[in-house]
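Scroll down for the structure; my scribbles are underneath it.
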Amino acid sequence: MPNYIKPLREEKVFKDPVHNYVHVQDRTIWSLINTAEFQRLRRIRQLGTTYLTFHGAEHSRFSHSLGVYEITRRIISQFERNNYPDWPVEENMVAMCAALLHDLGHGPFSHSIEEAFHMDHEDWTCKIILGDTDVNRVLREVSEDLPEKVAAVIRKDYEQEIVVNLITSPLDADRMDYLLRDAYFTGVNYGTIDIDRILRMLRPYNGRIVVKESGMHAVEDYLMSRYQMYWQVYFHPVTRSSEIILRQIFRRAGELYKEGYDFAFLPQPLPGLFTNELTVKEYLKLDESLIQTTFMQWSDEQDSILSELCCRFLHRRLYKYVEVDSIHPETVDKIRSSFEKVGLNPEYDFEIDFPTDLPYDVFLPNSTKRGNQILLLTKQDKLREISEVSDIVRSITGLHRGKYHLYYPHHKLAEVFSRLPQEIASIFPISAD
Amino acid sequence: MPNYIKPLREEKVFKDPVHNYVHVQDRTIWSLINTAEFQRLRRIRQLGTTYLTFHGAEHSRFSHSLGVYEITRRIISQFERNNYPDWPVEENMVAMCAALLHDLGHGPFSHSIEEAFHMDHEDWTCKIILGDTDVNRVLREVSEDLPEKVAAVIRKDYEQEIVVNLITSPLDADRMDYLLRDAYFTGVNYGTIDIDRILRMLRPYNGRIVVKESGMHAVEDYLMSRYQMYWQVYFHPVTRSSEIILRQIFRRAGELYKEGYDFAFLPQPLPGLFTNELTVKEYLKLDESLIQTTFMQWSDEQDSILSELCCRFLHRRLYKYVEVDSIHPETVDKIRSSFEKVGLNPEYDFEIDFPTDLPYDVFLPNSTKRGNQILLLTKQDKLREISEVSDIVRSITGLHRGKYHLYYPHHKLAEVFSRLPQEIASIFPISAD
Amino acid sequence: MPNYIKPLREEKVFKDPVHNYVHVQDRTIWSLINTAEFQRLRRIRQLGTTYLTFHGAEHSRFSHSLGVYEITRRIISQFERNNYPDWPVEENMVAMCAALLHDLGHGPFSHSIEEAFHMDHEDWTCKIILGDTDVNRVLREVSEDLPEKVAAVIRKDYEQEIVVNLITSPLDADRMDYLLRDAYFTGVNYGTIDIDRILRMLRPYNGRIVVKESGMHAVEDYLMSRYQMYWQVYFHPVTRSSEIILRQIFRRAGELYKEGYDFAFLPQPLPGLFTNELTVKEYLKLDESLIQTTFMQWSDEQDSILSELCCRFLHRRLYKYVEVDSIHPETVDKIRSSFEKVGLNPEYDFEIDFPTDLPYDVFLPNSTKRGNQILLLTKQDKLREISEVSDIVRSITGLHRGKYHLYYPHHKLAEVFSRLPQEIASIFPISAD
Amino acid sequence: MPNYIKPLREEKVFKDPVHNYVHVQDRTIWSLINTAEFQRLRRIRQLGTTYLTFHGAEHSRFSHSLGVYEITRRIISQFERNNYPDWPVEENMVAMCAALLHDLGHGPFSHSIEEAFHMDHEDWTCKIILGDTDVNRVLREVSEDLPEKVAAVIRKDYEQEIVVNLITSPLDADRMDYLLRDAYFTGVNYGTIDIDRILRMLRPYNGRIVVKESGMHAVEDYLMSRYQMYWQVYFHPVTRSSEIILRQIFRRAGELYKEGYDFAFLPQPLPGLFTNELTVKEYLKLDESLIQTTFMQWSDEQDSILSELCCRFLHRRLYKYVEVDSIHPETVDKIRSSFEKVGLNPEYDFEIDFPTDLPYDVFLPNSTKRGNQILLLTKQDKLREISEVSDIVRSITGLHRGKYHLYYPHHKLAEVFSRLPQEIASIFPISAD
């Protein structure tokens, strides 16, 4: 047994509603889970504001990270059991650590906060792994270069390409866990995939993780599930509405901060967030509790734009929306100017949204990046990209059903509605309710 | 149709992982769900600190409250469909509102906070229903006396006894929902009960909700599930450990506050919590975000007892425990004094716990309170208390398997362990690990 | 209440693994279930020989028929509860009876037997309903014309077109039940559909059952599930192999019967099956027990072709297959003649199969038959065919991934393999195993 | 690798709704599954006539046997992975074969047929394994003494006691599979057990399979599930009613055979069944198809008792029952003689049944047979019988809630009811229905 593997005296398990049990056999994994940095993920929800649409979606990145680790552990242990020559067993520990830690740098409501403050959670993950942290210390106990190796996998520039491909690919443990987990917690059954079958079909092959051809139907089912989950859950317009409120809060607070506004409540490390000068130690204090508490305090702030937005978020008084197939930029300008004329705020009382702006990826087989394809391994030991073989994958590839959504505060708009020009008013479904 | 029922133009549904859909047909229920006070329940976890033991248990009282409402709605609609003469249909609205709102007064980590500050969530539920709140306004729109009626049901002194019995009894919608929901989110399968069958067997009868005799086995199964859930989940010693830390934090902060300690962070409404002078408006600002954020800030407080406890809670560095069948009060005294001699804090570094102190109830058929029994309705139209008829219920009745648990900080104790008297040391399972 | 509805004193339920409970409230339905003709469906498997591929698929048409009835009952009761003007409530009984009885005429292993003997189970269903049977008597107790009405629905020429559409359409109770049930019993999870949501979205509209537009995604998911089930389960090549054996047995026995062969075992009503002269009473004696018992006895018949085929079926010694994209008729001829030359039987030792010949339907929106489309009802009260609106439905419409499968007896072929011309031999994957 | 293990080139799997997949890695296991004798189990239902009560219970002993094998495989592979010294790895093959084949000798509707003809399925299992069969040949290919070893395990006299204990004990793979499987197919959710947890807790220890003490609660849950399944499913009075009819048919046919009655239909091997002279080859022809087909033909027999009973069974016209706490033998005599006086058949129109006569076992910790106990392995490496430690197990131990059930043909009894003496009539719940 390699000296960097320190098995626990007895396997530990976590009871998990998705995988039944998460198994920990290695002392390093156990120690990583118990670091302050990993425990912080309990205070970051996996699906951001989605719980405002699907009330069950209150699960954290902590459980998701354990799930990704567990799937990776199962893949690796199967590779090992079958002695596949293309899998480098000496990379087991790097792979499991990268799987467990891949989301470590997520901030509170990360999609919105990253957009508002131009941050990137992957950067933060690497900073935490490489910085003065418990996670770094635990990794270095195994070997001095382990932190750098794990960070390289997360940055996707690790020299052992197959490890990167295992952790990040269209069929990786991350995606498999979130489909299953998000389906479970939302209660939506589109995400049910036959993970046992998919795992049994994975093969390490020439620096890549590929799928035995006989697993094609299971992969088709997985891609269709993903497709449905994107449109039913991840891009749900009500969730988008709450994300818009979030971004508006961050935007407004940032503006006020720059103007030198005197916040009644501005605990550490929020100032650094506005100035983009957070240290790792400060960043780790950011969690969703802090954001929610701040919003609660800000709901009494003097600035009425900020306080109203915070109330909207906390009490779920979201903007309504109307869906349109397309909209001309000139129309957008007209809406804003008409809104301004009747006393609405053109920058806060109207937002336009188009789902594909979202940082979620949809499977694109034609992507030029090598790791972005799902490859089937034929009986003749040849590789074929799945959409060449599968009609159903080809047919959904590139399908795009995004539409424009226009968001607005229903009651405020209703009050001034009669004063809007007919051309603008007709866009919004406001009537005597 | 009674004038207080205002059906929605179209039924609304919430996707729920436990009941599949929660159906809202009435405008009043819809409006109650959308009040700020009800939305606050999203920021209070259903199972307090249990997520530190079962990581899936991150669900909120919001989802549970919807679930209790849904079960109640189904019971009532079945009573109505069958025209059972003993069910007063004019009470439908009171019953549904009481079901939805019964947990409204829960504070953050309520079991611990209630114990630390001598509060009672039922009192707060009534205060919120009767006070100057959105919930009160929505109820009064139906009729001026509706808030008082709903509060009376929650206080268990409503004149229509059958409504009280529907909402609070050993087989009520509250218990049925939490068994199913807590089992679902923890992933533990002990809580799976055949709720469809139980619901079909319920009958309104002479001021009580009783069970048709042929439903006896389903009730047995329900009681066994509850029994298992109590011991597997609700009384889990690791959860108890985290509750002990919580109570210690509140205790320490309270002591410091009384001493006039200068907290670097003490946002509203915390001072009122310490002095027991919270208004309804202040109370509603209390949520788990605020508590967690406060602990995060306090982890840098000067007072080392407070800061250490907060770190323990946030980073899940819980006390270890040892289980003993019984312990003599003198031994407890000796432990404390020995701990003090070797430099430990006798009040914070040792706690003794006995699960039945917990505010969860276990079914006790011999209770003198009339509403606390499960009654079977025989084919001959007679009532029989279930443990008279069911061997299995009789056999588990009064079973008590609680043991004493002694909690202590493992690493701190290990450091001074060699200096403890043998008699005391032998109690704790500390060794070269 | 209409006089033809005779409610049971107390609702009866059947415990069902798919719908949890099947509810029977009407005395006529209860009596129909208890007829000898309906109980016979317990001896006919829902999926014919599929249990030889998926061992869990041992469920009968009895459970499926109960399931179709239950879904229909739920749809109707929802239509009634909402007082939809387009639903003729006086047709409730006709609809429920047709749902329950729609498969009454299925024979043993019906797809194979219908093909072998040119029968049609729908004809037999009508004959049983209209003949001298218990089912007919129970229906006539309600009204003299009820048998004819029910038969008309099944023949799809009932004057109330909406009842026909409810019972037979691309989104009918039959299809919904079999998807869920076949997925449950095979253990394949492709068939999981959100039936609650689909049912809530159905609307009676102008003589048709249509779907509210907001249910489009649930319908997409249903169509994709069906697509996957067809290719994963219903068209599975191993199941096809066992159906080929079945058909060969029937063919051989028919040939022998015509030749006047003296069967050692030929119980009633088999002779009538061969001569196509079965009475209703005789037909009702046909079940899968009889067929299997006959095969068991025939496995000792003198005729070696027949006895070998029966052994193959009973002991699951199926033909192997090779999949080809296409095959030229001339090649087929060459295979047969080469087989004959080396002593194989060209008619029994080689079969060619193309899945779409199967009597299962796949959704075809462009079908000219009006009832074959799924229509969405927009908010503007317009109807749109689903593939006009849904990219995903359009993309899978007309997709055809059927391939030719060549079936052959592996061991027999292997023995003579070396004597086959290379051109023919190269088609079959026979090698030193 | 021991020379008797011949791994398949590639693992084979069976899709299983209970275990998701059944994995076959060994060629011998694969060959055993493909024998005619094992395939015959597809034609024997796992739960006999239970499908007449729970229509989903149509699953066969074939699927159950695969499940028992799969659980055993998982236990063994865990023992091997952990290198537990007390597990003899050279017994792996014996254990897996015994698990797979343990039900091989079951006849059609075995509980009833064994009672009627004084047979024992375990004897037949051994005869098939040791006789001139495919199973015997496959086993002998591994080693000449393997058939005898496997038979010894099934007879419970194999010298390696731990293998017997693995295959037959109160917590064996057989019981775990049938609880899960019967719960799944009936749809009853009492049988849901946490099998993953139980398996992880099993330990080979000093010739026994024991349970780690920390698995106690999972075992409690398992025992309670079993308790509920016995009373809800296995002892269901409607199932008992159908078994009574079955036994009456066999009894009547046996009487007639002895009397030299000329059966219009009596295929092989039925005569040997009546005279108790079946060879192994003949026994293997017995399956439920044959029994059902025979009943179908007998429903036209001249003997009216036999034909009526066969109709009752096929068309599910079962006897009704009344439950009584106890009944005096004299009363039974009076019932029979009164029945005779009014023209009923005292031997066929009345049956008395007491569930514990059934050949199902209930856990009895005080049994003197060593293998009948569940032992917990404490942290101090001591063994404790579970009911010593678990209050809940102690409380349900020896609980007996069986009652007497009196069975009778409702309609026949109703016709003559007015002529029965009041004392007898009052026992039966017959009234104007």
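Letters A, B, C and D mark the chains as written, and numbering starts fresh at 1 in each.
Convention: a contact is a pair of C-beta atoms (placed from the backbone, for glycine too) under 8 Å apart; a residue touches a chain by one contact, two chains touch by 3 or more.
All figures in this text were calculated on a predicted structure; none of them were measured in a lab.
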What is the touch distance from chain A to chain D, in steps?
1
What is the chain whose Cα centre is as far as it gets from that of chain B?
C
Whole-Å separation of chain centres (CA-atom averages), chain A against chain C
44
Distance from chain D to chain C - Cα centre to Cα centre, in angstrom
32
Can you list the chain C residues in contact with two or more other chains?
20, 188
The chain B residues in contact with chain D across the complex are 188-190, 192-194, 217, 220-221, 224, 227-228, 231-232, 391-392, 395-396, 399-401
Considering only the defined contacts, which chain C positions touch chain B in the complex?
13, 20-21, 196-197, 200
Contacts from chain A onto chain B in the complex sit at residues 14-18, 20, 34-36, 39-40, 42-43, 51-52, 54-56, 58-60, 62-63, 66, 184-188, 265, 267-268, 285, 287-290, 292-293, 296-297, 311, 314-317
